[in-house]
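Got some structures for you, see below.
First subunit A sits with subunit B, and in the next complex the same chain sits with subunit C.
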Partner chain A sequence: MKKWWIMFPICILLSGCWDERPLRTMKLIFGAGMDMQEDDRYSLTIEMPIEGAGGGSSGQGGQGGGQGGQAQTSQVMSEDGITVRDSAYKLDRKVGGVLDVSKLRVLVIGEDGAEKGLYSFLDALYRNASSPLNAKIAIVEGKAGTLFQSEISGEQLHSEYLYKLIMSAEKESMAPVTNLQFICISLLDNGSDPVLPFMKYNEKNKAVEISGGALFNGTKMTGTITPDEMSAFLLLADQMGKELSFTIPADEGRKLTILIEKSKRKMKVDTTNKDHVTADISLDLSVRVLEYPPDHLDDEKKLNELNKLVSDELEKIFTQTMDKMKMADSDTLGFGRQIMAKDPKKFEKMNWKKSYRSADVKIRVKTKIISGGVIL
Partner chain B sequence: MSFWRGNKLAAFSPSADENAKRLTEMLGDADDVKQRKFSFGKTAGIALYLVTLVDSLRVEEHILRPLAENKSKNPEDALTAIERDDAADYEAAMNALLIGKTLVFFEGRTACLICGTERTALRTITEPLNEKIVRGAHDGFVENLNTNLFLLRKRVQSKELVIEFAEKGERAKKQIAIVYEKEIANPELVKEIKRRVDSINAEMIYSAGHIEQMIEDSTLSPFPQFLSTERPDRVAANIMEGRIAILNDGTPTCIIAPVNFITFYQSPDDYTSRPLSGSFYRLLRLFAFFIAVLLPAFYIAVTSFHLEVVPGDLIVQMKGSVADIPYPTIVEALFMEMTIELIREAGIRLPSPIGQTIGIVGGLVIGDAVVSAGLVSNFTLIVVALTAIASYVVPSTEMNMTIRLLRFPFMVSASLFGFYGLIFIMMVIVIHLCKLESLKTPYFAPFAPLRWKDLKDTFIRRAIWKQKTRPTDSMPLDETKEEGSREWMKE
Partner chain C sequence: MDEGVKTKKTISAQQLFFLILQTQIGVGVLSLPYSVHTESGKDGWISILIAGLFVQIGIGVIWLLSSRFPDKTLYEFAPLLLGRLLGTIVNALYIVFFFIVAAQMLIVFLYLTSNWAFPHTPHIVFAVIVVGITVYLIQENIRIIARFHVLMSFLFIIVLILFVFIIKHLNVYYLLPIGSEGAPAILSGTKQALFSFAGFEFLLWLYPVTKASSKAKWKAAAGASAIAAVFYTLLSAFVYMFFSLKKLNHVPEPVLYMVKAVELKMIERIDLLFLSIWAIFAITSFMSYMYLAASGVAKLAKAKHHRKAVYVLAVLILPITFYTANPEQSVNIYEKISTLSTIFLFAVPAFLLAVAIIRNKREEST
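After this line comes the complex of A and B, so read on.
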């Protein structure tokens, strides 16, 4: 037989289909929630969009969706297993189609789970080549699973809503800019700890709100900070977003809302002291006044007074934030990394996690009001 | 050769009758051979011509009537036909007869006089339908070689413009003209093209495409190595870049070599419009090349392998669109591509009013029905339609065909191996382009080998006065195109 050459096209043409992942057979996961149960089993909740209805433009014949208005747009499923992957496989058994995680947009982790260690939730994702490294990650008060089950008014896709929520929070400096890839570094780093946005479900408004940040010691969640403290942290860490505002109680109960326009941070870590580490952080802020009913911002004396007031109040918030982070053993500003760089031998000898609490952090703030809006 | 009765190189007989008889016999006693006897004083004679080829009025006016009026001493002087020649032998006489000349034999003379009496059925000079432009000249070549050369000479009024003729075709002869600018075109290339044209040994030359296949460097390459055009202005511009044009009698198409890839993307419109708009449309055309070749393959690769590259906002719509399609994307895409090719082919063959109907039935009715029947997804339809539009942007019919053919290997390979397959075929194509030659000059010229200076007329078109040198891919003798236009700016 001289037909042996037919083997070549057969090898080439048939082998390709093996790796095929046709879009039409895929079940895309848009949002995922992970929790740790009391019996140390991982529970996984996923949200999959239902195409055609959620897409908006569904000219698809035969489907008829979209016109009904009340059509279901997402499918939420939940399952628990020994590992995250185990529960994922259990879910896959229930879903028509192949589950695909590569378009995941939001990963939400329950508070209880995060306290037991965040990395064990993420390991499966880091080992998968087609993982969505740009997915947003957040910690939620209570169970992540119930968040996906709960009703959110005006929104059909939980994942889409949460994604937009986190994105806008990042822009307004209410959450650090982070994703699955960024936090991996600080999770595994001895010299710094991650901060993640912390959310909770608001029963009254049927919405989810960003309620500050979650502090970590290594991979374990050890505390939370308020939204104001989150903003303060972002300034301290030099990670200010597009906008950042503070409301400060001014003289005689009158309040002042300011917007930080520009921030210059200088950080100095001094390792020469034997018993403890000292750090100097100085912040140079240019501030715009957003709201101040008493006015008279054109008065030089008044302005200087206000400058002083704002600096003092901000310094208070900064110190308070720093104390909270110390209490949580969360080295979010990465002092450890600085010591590692400057004096690696000392870092090896000392137990940084223990001496972090006793570190002496001095914060100096200098503010300058540069604008009072269009009415001066 | 037994076809010829007698020796075709034999000398003419003194008897006019016998000469005429022999020639008639040579033509197989064809019925359209006409003999007209005349007498000029004492000398009698015969005028022989093919009635189907001559302009009878001219035979009458310039040969028979002057001879009958008998005003001069000499019969030769009496003839008023402008074009006159002496035939050396029967073969020459025969060839003259076959292109519509009239042979005049005088009794008692062993000579044959050839008078030009050809009939020319000329199409009027109109703009070529497949190469329309907005600004610039609107004339186009016709089927007659002389008219075409007239158009060229008229356009390039230079003493350095050389026109060389060659007659090719073993059985039926056709004239081929090689045109070039003596002081610019590289003599090596002229020699090479003449050598190739000389070697043509076909029975008959049917068209310019015929010649192209005989003399092009690589016949199996998908890329055309000769630029075919029906526009005199395009030919003139290329001749002025040191390229060589080949025209032939019977087709309005002129082929030009050596060319490079980018030549096919240069339209006369680029040069007549202003540099900014010229550059914009040049970029647009090159962009269209990538769309036409890669877009369906990219779409197939994305939907069957790499869904993670689709932005999250888009993927829901995309998935909704392909979810109910009963077969893989490649089948959908091939089905739609085939439909479009069918519509195109049917549209060309049919008379134009019906052609439009086909376009509407094919485009609108099938396009709409196919989607609502759930056979093809919306996205595939958009992709295929975009591709079809993009492939018609290139201002050359040959390149258009090339592009439409090229996308099929891309699509198949993308359906098998995703982006890897896409890149694989792309590498094969680029390697081929780099290796390909047009008349022994690099085809992918300003890019590979990279000639920085020549890039001025590729992706963008710089202002005419900035293009001081000719592109070097045609190896011109004189590289300077212009010097010091816009000197007035300095004053």
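After this line comes the complex of A and C, so read on.
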């Protein structure tokens, strides 16, 4: 330990300054929106927080001319180019400081762009070692650029807001748990297709709402599903979040809201049949009743009836969801992957995307009402 | 004559175990699943497992050979077996081989650090840092090197913990059906994987300096390789379950890419954390090979200590860093070394063993 002093020169020598990235020279991108224009040009919209202005109305509120007393805390810019990178460089020319994407939280893609193919938007991000592959991704109705321009009441940073929105949707089983990395794997998998959260801007409330999911065939978006169908899909795919609720019509025009507590899914894909594939999905659900005005939940006969009603209604939703996914040619449940695992030669021979439509999917639901809350 | 210094039993069987393990697990870890996958697809993990079995045979051969000369390293008994001239040539070839392997490791190391973490830092800076600490350590005797390698082995636990976070994202269906790529593909993948086990030949030099029974030495070497095999197999199985096959074609360093997806509450960019751990694995292997090369040079030059040889090799290896601009070149070198390695790891020891048996050469421990 005689040479302990050698620590100090080493500390100085080991820290290089070639790759330093001081925050003061950087412009961090928190949110990004990408669109495809009619002439196939990529347009990129980015949102950057303004330093020193975040965290409330105090501080240097004057920056950028606050409107209606509220300080402007973010800067939104938009540019278009031949590739995503091209637009990014064009933006970089306008911004004081170096654009940095490594803190990206949310990436929003416009519907039109997604329909033309998602991968070309993301390629540049996958190539960069410092890009944040755990950022959330969502598809938006209309243009992603306009989403960042539009006002959202009560929120200062669109990206922060969208991130929280998606996170809570994931928790409540309104959106699949995914990020840039996971999406890429299923985009490039010919045995399964991704599902992404789909959202739209709500003019009346000045807010963004998750309006279901976007279905993909390969890398192209081919359809959408409603929030209820999204929940149904998550149950079918065994990807339920922390909680999941449904509102279904009960007897005599009354409505019943239930919460799925636990879900057990079994999926079996049968490839023995020559010309078509059959799949059996059985779901075992434990249900809690959240809202049901005529409360007779202590009556066993009534309970059985209700059980039957709930499982019938759920089955309907499941089948409807499945049909929609088939119509969109979106093999979201990864049947193709299972066929490949069981019989790779057969998979090669058949045109899976064509046979997927005619695949025979049987869904059976068994429910058990376990509790009606704190009252019976 | 000078055996008083050279044959001292200075390291324990445990230290032997960690020395071999740390030498085996090196720069190749990050890209192993990818390079094997190019041959044997999703069944690459089977290839790696089979490679692990082959390595056990290789270790058996080396152990049989070394136990015939319990007080001598390969540099010392090769002249005895083959005659002075041929033995010296074999030794020189081994030295060149070790030096090339070390150089290749350094090239891969520099390429990956610049590609993943430090794009603007000149290669020479990292080269000097890595070579500098290597020289600092390996100018000492093997016992001190062994202590360092043991000390750094706790990092394996951190790697395993990191992998726990990935388990929930794995998809077993990517692996099924097992073995569908066919035996030829799997075996050619095995050929790719063999080089990543390089390091067990260290036993040829460590056998005489380890203080343990002959059987314990075999156990340590075989155990280290078995652990490395399990580690590699697990790692690549994880990668194959994480990425779909098509995606894997785009990702030459899938291990880093995989950990990128993990997000812990406090830490982002776990790939950087992983890269730092990997750097230590890479440097320990680099140290081992530099030590082997240097001690060989010292032997050839009949020097008492290998210290001067270390300095010479360090100066020689630095210019190689200017040669790293092109990743294709380094892939090319890798392929060549990979083929070379089967000769030096398997063929030569087997040949020497055959000669020893035919000429009935055997020495007793003093």
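Throughout what follows, the second predicted complex is superposed on the first by the 346 of 376 C-alpha atoms of A that agree within 3 Å, B and C clash if a C-alpha of one lies under 4 Å from a C-alpha of the other, contacts with A are read in each partner's own complex, and residues count from 1 in each chain.
By definition in this document, a contact is a pair of C-beta atoms (placed from the backbone, for glycine too) under 8 Å apart; a residue touches a chain by one contact, two chains touch by 3 or more.
Note that the coordinates shown come from a computational prediction; the quantities given were computed from them, not determined experimentally.
Enquirer: Please indicate which partner A:132 is in contact with in the superposed arrangement: first for subunit B, second for subunit C, both, or neither.
Expert: So A:132 meets both subunit B and subunit C here.
Enquirer: Would you sort A:105 into first (subunit B), second (subunit C), both or neither based on which partner it touches?
Expert: In the superposed model, A:105 contacts subunit B only, not subunit C.
Enquirer: Kindly classify A:271 by the partners it touches after superposition: subunit B alone (first), subunit C alone (second), both, or neither?
Expert: After superposition on chain A, A:271 lies in contact with neither partner.
Enquirer: Please indicate which partner A:30 is in contact with in the superposed arrangement: first for subunit B, second for subunit C, both, or neither.
Expert: The first partner, subunit B, only.
Enquirer: Is A:367 touching anything from subunit B or subunit C once the two structures are fitted on A? First, second, both or neither.
Expert: In the superposed model, A:367 contacts neither subunit B nor subunit C.
Enquirer: Which partner does A:22 contact after superposing on A: first (subunit B), second (subunit C), both, neither?
Expert: After superposing on A, A:22 lies in contact with subunit B but is clear of subunit C.
Enquirer: So, A:342: does it touch subunit B (first), subunit C (second), both, or neither?
Expert: Only subunit C; A:342 stays clear of subunit B.
Enquirer: Which partner does A:185 contact after superposing on A: first (subunit B), second (subunit C), both, neither?
Expert: Second partner only, subunit C.
Enquirer: May I ask you to decide whether A:45 touches subunit B, subunit C, both, or neither, giving the answer as first, second, both or neither?
Expert: A:45 contacts neither subunit B nor subunit C.
Enquirer: Of the residues on subunit A, which ones does subunit B touch that subunit C also touches?
Expert: On subunit A, the residues that contact subunit B in one structure and subunit C in the other are 16, 19, 102, 130, 132.
Enquirer: Could you please specify the touching residues of subunit A with respect to subunit C in the complex?
Expert: Where subunit A meets subunit C, its residues are 14, 16, 18-19, 102, 126, 129-130, 132-134, 179, 181-182, 184-186, 188-191, 334, 337-338, 340-342, 344.
Enquirer: Inside the complex, what are the residues of subunit C that reach subunit A?
Expert: Where subunit C meets subunit A, its residues are 115-122, 125, 129, 169, 171, 173-177, 180, 242-244, 246-247, 250, 257, 260-263, 268-269, 271.
Enquirer: Write out the stretch or stretches of subunit B touching subunit A in their complex.
Expert: For subunit B paired with subunit A, touching residues are 302-305, 307-308, 310, 312, 315-325, 328-329, 371-374, 378, 415-418, 421.
Enquirer: Enumerate the contact residues on subunit A facing subunit B in the complex.
Expert: 12-13, 15-17, 19-24, 26, 28, 30, 49, 51-52, 54-63, 100, 102-103, 105, 130, 132, 163
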